[in-house]
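Take a look at these structures.
One chain, chain A, appears in both complexes that follow, with chain B as partner in the first and chain C in the second.
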Partner chain A sequence: MKALVVDDSRIMRNIIINILKEKKMDGDDILDAPEGKTALEILNKESIDLLFVDWNMPKLNGLDLVKIVRKIEKYQDLPIIMVTSEAARYNVMEAIKAGVTDYIVKPITGVTIMEKIKAYM
Partner chain B sequence: MQVKYIQPFVNATVKVFKDFLGVDIKAGQPFLFNHNENKYSYDISGIIGIGGHTLGIVVVSFPKLVALDLASKITGESIKIFDDTVVDLVGEIVNIIAGNAKKGLEEYKLVISLPSIVKGVNHQITGVSGVPMIGIPFSATKGDIYLFVSLKDLITA
Partner chain C sequence: MKNRYIWPIFGVLVGWILSYVSIAIVLKQLGEFVDTSGIVLNPLFVWERPIGPIILGLASFLIGLSRDKLIVKQQDTEKKNIDLHKTMIEQAGRLSAELNSVMAELNGYTYQLDSIIETIDEGLCLVNRDFVIEEGFNNSFIKIFGDKEYLGNSIFNTAFSILNENMKKETMDFLELCFTNKTASPSMLNEANPIKEFEFVQVIEGIVVQKIISSSINIIKNANKEIEKIMFVFNDITSANELKKELEKRDKEYSKRYSIMVALFGNDKNVIKRFIDGLEEDMEILSKKIKELKQNENNSNIISDILGTVHSIKGEAFALGFEKLSGIAGEVETFFKKIKGEVLGLESNLEIIGFYEKLNNEKKEFDKTISALEDFLADDEVEDINTDISSSNLNLTDSVSKHLGYENISFDLLRKELEIINKSSAEEGGKQSVFTLNTSVKSIDSKKYKLIKELFLHLLRNSIAHGIELPLDRLEANKDVNGQITLDILKVDNNLIFEYTDDGTGFDVEKIKQRAIEHDIATEDEISKMSNRDIIKIVFNDGFSTTETVDMISGAGVGMSVVKKNIYKELKGKFTLTNRPGRGIKIRITIPV
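== the complex of A and B ==
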């Protein structure tokens, strides 16, 4: 299983990566990117099984990334978990409409992430 | 700017420090900020622009010791200078505060910008022209953190 963590905050990426490692994921199977464009390159090159994506990022934001990813045939059923500070209900609805599978509002805890990813690992 | 716009930001600040950083902070007395009489001391600020059905900024300002202490705490490393980690952390804190505060202001469709960071001893912050800026101090172990909010009156979506 291969996961990709996309967030412009290195601290946030490391928090999620460390949680995945606690779930016994091999560090080599966890990739990360600081924004959407780089993430898209990785998604095209690799075969990703689980995607964590922030919303507000430079170059290509998370919402637009999700819309693009959903148009790629191999990723139509990819579990995409949006991890964002955007807490308003209309944001959640917009993200679901764009194609996210699950939505986590920052600040995150290990417990929240663990609960959410159970179904996808 | 009405006081009711401030409370969601105060609540979000307390929550972010508790849940993200494991630090209990308590809001002090709000004050009307006057940048010409800047008697507050801080060395790094995270700034988020607010758009949508209003115009404004949200700023979180830290004295150097507090920012370094929080960065050391979250990374588990001893951080002694303003490096990329501190900048990253301050940006993420103000981003989460602004994003979480939107939940308390859902009737106004707010849009938040990416954070900007300003560093410098006792740097000056100015809000939206003609709009008051409200400051709220929060006590942390190594000094006071300040939240500043300046929003034009909101228009219901």
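== the complex of A and C ==
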């Protein structure tokens, strides 16, 4: 199982990566990208099973990235988890429309992440 | 046997012996000049002239009597002390019993709430892709949404009809979204459910009933993993909601009352007493200043004074654990900071009164709690009598100043109060610091005490917020993990000298420059011409702060100006500041006494 973490903040990426490692995921199987373009390159090259995306990123934002990913044939059922600080109903509607599977509201902790991802691991 | 009987007998005996001995000595001395061999000293000689022993006996009797009286008084005081102690213990017992019953009551409520939620009326409703309601709902659903005549497809329409137009549209959009998006998880879809909780009014036998309904959805997929049906589960949560609200209200009320009590019992009594007296004074000052505010166009100075007072209340209340009072003071502070310099309209004036009332109400809450615990503070008076008797060297200046209306306050109290501030500020900021106070002076009059305490309170809080580094940073900088803050008090001639040092980072001149320009305190040109000394002086200006956020410890830009004001204006003193970048600051304050 391979996971990809896309976030422009290095700290946020590390938090998620560390939590995944704690859950016995192999370090080699956890990839990360600081922005959308790099993420798309990795997605094309590798076969990813779980994707974490930050909503607010410069250049290509998380929602647009998800829309592009969903157009890729092999990723139509990929669990995509959005990390966001916005949790209003219309934000959630927007995320659902873009094709997000689930979302985690910041600030995140190990417990909240595990709660969400145990269904996809 | 009582002392008053022993002392006279003892006195007469001693008097007798002394008289005998002294006469014998006199006779022996006389013997050198005249012939005294004819006189034989008979012990009964003294018996015939009893005046000496009688006087001594009488004196001893009086001494014994007064000592007796003192002892009786002391015993009385001790007894009173023990009685008070007993009543305090009884009171604490009653309080804890009351607390227990309250907790039991609350637990009962929680249990009730749980059982209501468990047995709640449920209703189901299945919606297929064509938005057609399917049969397969139970009767409670009908109870919530309408009569039996709506059986069949129209039930959902009935349910729909009670929602307003906006909600109807949102629900349609939501259903559309559910059916078209197969990737979203059920929990996420539930988050987007627009009728997660809604109210509706029903007329049952002529009586209008308002109900609160919650709904959640389940997704039913077919063999191809396509969403086939959406199942709504409706719950009538009206009574559960009411109970929850009631529970929250009670919870809040009790926690408010008990938090004050916990803080009262948890702190040093003398510190609390000073705080409450100080609060009384502060509220008077505030009410006076607010009146002045209405009469003056130019309010900047008055608001600065108000901010200083409110800032002190906020910090002290927080340190002692009076969280609510501290929170309100914080709100008031933010408000006054906002309106500072503005011309105040009717609305602002009303708001000011509103804030003052809010603060005053919390103070009244205090007074109420304290009068309920009257004896809690009465205990102190007994202690005072006790010290009056037991301390033989009664301080004359103390009693004189008491007559003049100035009570002398020991610097020990200052130590206690500043230690509390140190502890709470360090905890708040995630820092570690040790505060030490050394003094060769015992006490100071209460008026000056208040000003001195206030200024060190601000210095200490600023040291911890801005000076002392986080523990890891301190270790990196080769410093003790605990920040060291010391205050030495000594008297030289007619001056009291306070030497305050901390071993933090010292003032960051670059940061001050930057903030000064941002705050329009000085232009870039002016700054470049200023010496480091003059730049540090800016910190003591009104409304200056290098911290972006106003937190509980400091950062409202009030503290340091209070320091300056108290030293120069109120105490007529002066101060010098030594900044050692990276190593801390040293402030020497001299005030005349």
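Note that in this section the second predicted complex is superposed on the first by the 121 of 121 C-alpha atoms of A that agree within 3 Å, B and C clash if a C-alpha of one lies under 4 Å from a C-alpha of the other, contacts with A are read in each partner's own complex, and residues count from 1 in each chain.
Convention: a residue touches a chain if its C-beta (ideal position, glycine included) is under 8 Å from a C-beta of that chain, and two chains touch if they have at least 3 such contacts.
Just so it is clear, the structure is predicted and the values come from calculations on it, not from any experiment.
Superposition of the two structures on chain A shows chain C clashing with chain B. Shared-chain residue A:I48: touches no atom of chain B or chain C. In the superposed model, A:N56 lies in contact with chain B only, and not with chain C. Shared-chain residue A:M12: touches chain B; no touch with chain C. By the touch criterion defined above, A:Y103 lies against chain C but remains apart from chain B after alignment on the C-alpha atoms of chain A. Legend: residue contacts after superposition of the two complexes on their common chain; A:R89 is shown touching both chain B and chain C. In the superposition on chain A, contact of A:I80 is made with chain C only, not with chain B. Touch criterion not met for A:L4: it reaches neither chain B nor chain C.
Once both structures are laid onto chain A, the chain C stretch out of 25-33, 241-249, 331-339 or 367-375 that overlaps chain B is 331-339. In the superposition on chain A, the residues of chain A touched by chain B in one structure and by chain C in the other are 87, 89.
By the touch criterion given at the top, residues 8-12, 56-58, 84-91, 105-109 of chain A touch chain B in their complex. Interface residues of chain B facing chain A in the complex, by the touch rule stated above, are 15-16, 19-20, 74-75, 84-85, 88-89, 91-92, 95-103, 105-106, 109-110, 112-114. Residues of chain C touching chain A in their complex: 173-174, 177, 181, 183-185, 187-189, 191-192, 194. Put simply, chain A touches chain C in their complex at residues 70, 76-77, 80, 87, 89, 92-93, 95-97, 99-103, 119.
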